[in-house]
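In what comes next, chain A is part of two complexes: it sits with chain B in the first one and with chain C in the second one.
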Partner chain A sequence: MILDYILRRLGLLLFMTLMLSVFTFSISYLFPGDPLSNLSGVPSSNFAQHSELEDKYLYNSNYFVQYIAFLGRIFQGDWGLSFASGDNVFSHIVDLLPATLELSVYALIISIVVGVPAGILGSAYYKRWPDKLINSTTMVGYSMPVFWLALLLIMVFSLKLGWFPMSGRMGLLYEIPANTGFILIDIALAGFPYKGMAFLDALRHLTLPTIVLAMYPTTVLVRFTRESMLKVMDQSFIKTARAKGLNRRQLIIHHALRNALLPVIKQIGLQFSTLITLAMITEVIFSWPGIGRWLIDSIYQRDYPAIQGGLMAVSLFVILATIIAELTYTLFDPLSRNQAHGKV
Partner chain B sequence: MQLLDVRNLTIELRTSETIIRAVDKVSFSLKEGEVHALVGESGSGKSLIAKAIVGVLNERWNITADRMHWRGVDLMRLTPEQRRKTVSQDIAMIYQDPSRCLDPTAKMFDQIAETLPENPTKGFFLKRNRERKDRVKALIHKVGIKNHEAVLDSYPHELSEGVCQKVMIAMAIARTPKLLIADEPTTALESTTRAQVFRLLKSLNQLKNMSILMISHELEEIAHWSHGIHVLYCGQMVEAGPTHKIFSQPRHPYTQALLKSLPDYEQGLAHKEPFYALKGTIPTLQHLPIGCRLGPRCPQAQKACVVTPKLTKHNGHSYACHFPLIKDMR
Partner chain C sequence: MHKLLLTLLAVTLVGCIDNKEEIIEEKNQGLVYCAEANPVSFNPQVTTTGSTIDIIANQLYDRLISIDPVTAEFQSELATDWKISKDGKSITFTLRKGVKFHTTAYFTPTRDFNADDVIFTFSRLFDVYNPYHFVGDANYPYFQSVGIDQLIRKIVRVTDHQVRFELFNPESSFLANMATDFAVVLSEEYAMKLKKNNQENLFDQYPIGTGPYIYKEYRRDHLVRFYRNPLYWKHHVALEQLVYDITPNGTTRIAKMLTKECDVTAHPSSAQLSILAQRDDINVEKETNLNIGYWAFNTERAPFDDLRVRQALAHAIDIDKIMQAVYYGNGTRAQSILPPTSWAFEPQANMPSFDPELAKKLLIEAGLPDGFDMTIWAMPVSRIYNPNARKMAELMQSDLRKIGVNVSIVEYEWNTFIQRIGEHRHDSVLLGWAADTPDPDNFFSPLLSCTATFTGKNPANWCNPQFDLLLTKALDTTDLNMRKKYYDDAQSLIVDELPLLPIAHGLRFQASSADVEGITLGPFGAISLANARKK
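On to the complex of A and B.
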């Protein structure tokens, strides 16, 4: 049963990836300019080069054959060359995506660690002062634009107090070889004498962007968890369990939390796409060398192959994250486990 | 000994415009080892009374009572925590909608196991675990579920309403309560298991001296073994008394109508013969008539019925009617 469900989900993943690839492929024909140079990333060329490219990209065959060739190149890692740098787009993405992922994952972890307990606390003290405090705080955090919050934090903590650095991922003092692309893991792997110092420096660089990025998902999760908890606590099976003689702690741990957190898992998955979008803004402000900043730069520079590749990588990632969240939700929820027919 | 003593229990629902009195000054008492029945049409507030006693009503409902004594302790005056302890120790309730009263994400075994009272016997972890399993199994066999393994390993939504109902009953009797409130315990069951459940409840009453407050609209089922019957109409207690008296000499027109509506199979029924029924339907809570709430439907109604009748008590048989059916008495 569950295997069936997973297979269906994978089918959905496959289909969505297919649609995504069709869209990405069509983009190079829809963008202004020569489709061939949009695809390959080689700008205007002489005749010999042009005919060579035409052969490579099967440009004189029909669209379907071209699309198949495109898929083949995608799997080989030949995503074209960037107009701006002249390097392979794929290698750019491999370099840059981990930085974005690192930032997003930490922000997501922080928002779960802070948001879910805060939401539970709020529902436990419903309409008393802790709930009111949490509610008003999240309202403020929820309504604050990310870029403004980032600028405020930079002003206070970097410029006035000087606690945290303003931009970048790492102090210039340290040279960290990029193994995984995740800076904290890389430092742990690197094994050089000033490991502890480098680690601290990386954490200090991480602090402000992570806080900025975590703000929105945290407030969403707080409000969502609180609502969900209140809704579950009002249901008759909770009242029955209470009449059965369970105390408040048992009630919350055994019955309320499981039922209330199920929709929260789903919500976390949905937050991921918002998170990536917000990460782009955060990266620009904090000069974080991630895929978001690179993508925005590519848009400014009309670097079509880069836009194409970046779009594909980011979207693929969001789809994957959504499906993983959906799968986890289904694994935990006995009610939806039986509904093999998926919905997105 | 008086087990439960309720005086003038009133349950009101506050809406934005008015206050709706769903249960109006209901009084009754229950002795140890007795079986009492609350009967009435659906919507007459039977379940509300039961839920008010157990204390599981929402905050929207406003409950007032002159007294609600449980073995000499006034439940209304206890803190919620004390009340929960007292109630969970001695009172158990079988709910009407079993599938909604079971946690949808917990397996049946866990839900039954957590109602078991703390095991006094000390033992190794594994041994205690096995004991718990055996006790749950015994409970579930008691309520007539034979394939215990499959049932205990499933979630509420995977089982039929009838099986859920049985699990609810198993949970209710797990702590051997002094009072069992059964809110239409057999609505979702097929007739063979229905008889089985009634047999079980009867034996619990006789062997373990468990008091039972039955809420039902099936008069025949409870007529043979209940000690007292309370008839409710629209949230008002219309008649209460020992079962045999209610059946032999109903004083209230509504009780009479209820008894008349029972099909008499001994006489035989003609083909498509209509059952006796009062004209009209039970009024909605928003449009309750003043005075005696039966007034508009009552065959005996007169001008005086616009004033709420007082409860008259006579030899343990009480009724609230201006024009009781005394002439029918032999």
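On to the complex of A and C.
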């Protein structure tokens, strides 16, 4: 039963990836300029080079053959060269994706740690002052555009108070070899050099972007947890339990929470795609060297191979994250396995 | 459990405080310079992009001679002495002994600097038999624009520490060219090592020089990292580390100055100087500089090949407005292509005035009564000669609309921009030139000569034999009065022919933290951080 479900999801993943790759492949024809140089990243040059590229990309065959060749290159890690840097797009992605992931994961952790308990608190004090406070705070956080919040925080905490730096992942004078691309892990692997100062500095750099990025998913989780709790608390089995004489604490922890958190788990997974989108804006504002900033720079520079590769990597990642979230959710909630059709 | 955590936290924090002073000292040995663009190369021979030269030239390399910014006399650098023969056709340099090239992860020198390095370095520029001449498509924009291949006959090794340059003609600007930031000395030994491994293409990306700092790493759009050269021949280098934080956005650079993420920043824009000037912990320096911001037309492209069209466009622009809105009073309106501080400067009487009616009339004469569409390429970075090209382009756009010319503004990332201008893909461009030497030829040959057209340096795509003849005559004489006369003629020819419209000369600005010292701004040439240190 569960295996069947997993297979169905994997089928969906495969299909989505296929569609994505078809789309990516076709945009090199839709972008202005020579499709061949859009694909390869080699600006159109002399005749010999051009015909060499034609051979490599099977440019004179039909679209289907070209597409198959394109898939082959994607799997080999040959994603073309970036117009701007002349390096392989794939190597850029490998360098940059960890930075984005790191930021997103920390933001997600913060939003879970803050959002879920706040939601529970809100429902526990339904319509009393803690609930009202949490509700109004969430409303503000929910409706505040992320770039505006970022700029406000920079103005107050960086420019006015000078507590936090406003750009980058670490003071540039610290030299940490990039092994994993996750800055905190890299510093730990390097054995906390500069007497731990580098680690503290990296944390200081992380603070503002993480808060900014965490704001939206936190508010979503607060509201969602609260709703979900209220719904569960209204059900008859809770009433029964209350009739049995359980106090509110026991009620919430043992009965309501388990049932209420199931949809929240699903929601957490779904937040990941929103996070990646918001991360792009955050990265641009905080000069965070991640994939989002790079992608936006590439768009500005009309770097078509980079746009293609970046889009593909990011969307693949979002699809993957969503499916993993769904699978985890299914493990917790047997009922959901009965869905006949997959959905993303 | 909680108590344990708290105790741990406390211990860590206390531990940190203990070490704090020591660490601050450690960190103080580095300096972060906020630069406005990625370096295009690490060899100054192959580029003239000011943002690149500022980063690499004086930090990684040395020249044979330099020019004193105050007295404008030649000073010895890697050459301790130089003698010019009577006919002016051969110049013998005596080289400094005991100068060592950088030792890095990718190269360890086995010998000191000697004549071979000088011969290799300069023969690369013009000698087709030099194994490196064609590396990077044989593109040496500065030297080609001053015609080095028609200048040096050969370079002779006299002894290990003496080199003789034999010239075809005695040329008055030869020594000045040898003192530019582009005339750095490279390592022949390193070049040969790379050649042996068939890695010639790495030569311009992984630099080896004799300068005060050693290359460590470069990450595109992020940083360039140099370390101190412990064996620097000239003096002790105070900074352990020098990091260039690549921050294209001017406002971000200012903000980073305020948050202390940068110690020094290049080209703070005049609009923001007042913010910085209010702070006690930031110093703003101002210095006149030999430069020119101009508007160049692609004279090979219709309708800009018609002088009347160029004149019409020039008459349509209100430069006074530009001086206020773009330079904020921190610039001088151009009266010629040369700045007033140059000895050859001659104010031009017939600089185009702001006269839209005349502009319309000229367009009608040129057969374009309804105007036309054109592009203005605005450089995306702020440079001395033009602090905000985008804004300037917008002002010009509205001026030109009044005479029926529709302008669209084109912007690219800086290095791409330069490259495409070199391919002459533009209609017109807002660009500029900051001099490398006080020699007036530096404003003419690299910018507007015919050779500059071929090497992609000439943004006006303008080749005028009469103009080139004037330049050659000016170079062939050492009589200062004669030279001045030729340059007068060259200046008026530019204003008559208008391949470009000189707009303004900017002031050079630099903002640095109050605890940084030893960085001096010169009237020409790239920034040197060799003496920079923290108080």
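In this section, the second predicted complex is superposed on the first by the 336 of 344 C-alpha atoms of A that agree within 3 Å, B and C clash if a C-alpha of one lies under 4 Å from a C-alpha of the other, contacts with A are read in each partner's own complex, and residues count from 1 in each chain.
Going forward, a residue touches a chain if its C-beta (ideal position, glycine included) is under 8 Å from a C-beta of that chain, and two chains touch if they have at least 3 such contacts.
Quick caveat, the model's predicted, so the values are computed rather than measured.
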{"item": "First (chain B), second (chain C), both or neither touched by A:K239", "value": "first"}
{"item": "Chain B versus chain C as contact partner of A:L3, first or second or both or neither", "value": "neither"}
{"item": "Which superposed partner A:H255 touches (first chain B, second chain C, both, neither)", "value": "first"}
{"item": "Partner chain in contact with A:A84 - chain B first, chain C second, else both or neither", "value": "second"}
{"item": "Partner chain in contact with A:A48 - chain B first, chain C second, else both or neither", "value": "neither"}
{"item": "Contact residues of chain A, present in both the chain B and the chain C interface", "value": "none"}
{"item": "Interfacial residue positions of chain B with respect to chain A in the complex", "value": "54-56, 58, 84-85, 87-89, 92-93, 95, 97, 100-106, 110, 114-115, 155, 157, 171, 175"}
{"item": "Complex contact set, residues of chain C against chain A", "value": "12, 15-16, 19, 22-23, 26-27, 30, 32, 216, 220-223, 225, 241, 243, 245, 247, 252, 255-256, 258-261, 412-413, 416"}
{"item": "Contact set on chain A toward chain C in their complex", "value": "83-85, 87, 154, 158-159, 162, 165-168, 171-173, 175, 194-197, 200, 287, 289, 294, 297, 300-302"}
{"item": "Touch list for chain A against partner chain B, complex", "value": "234-237, 239-247, 250, 254-255, 258-259, 262, 333-335, 338"}
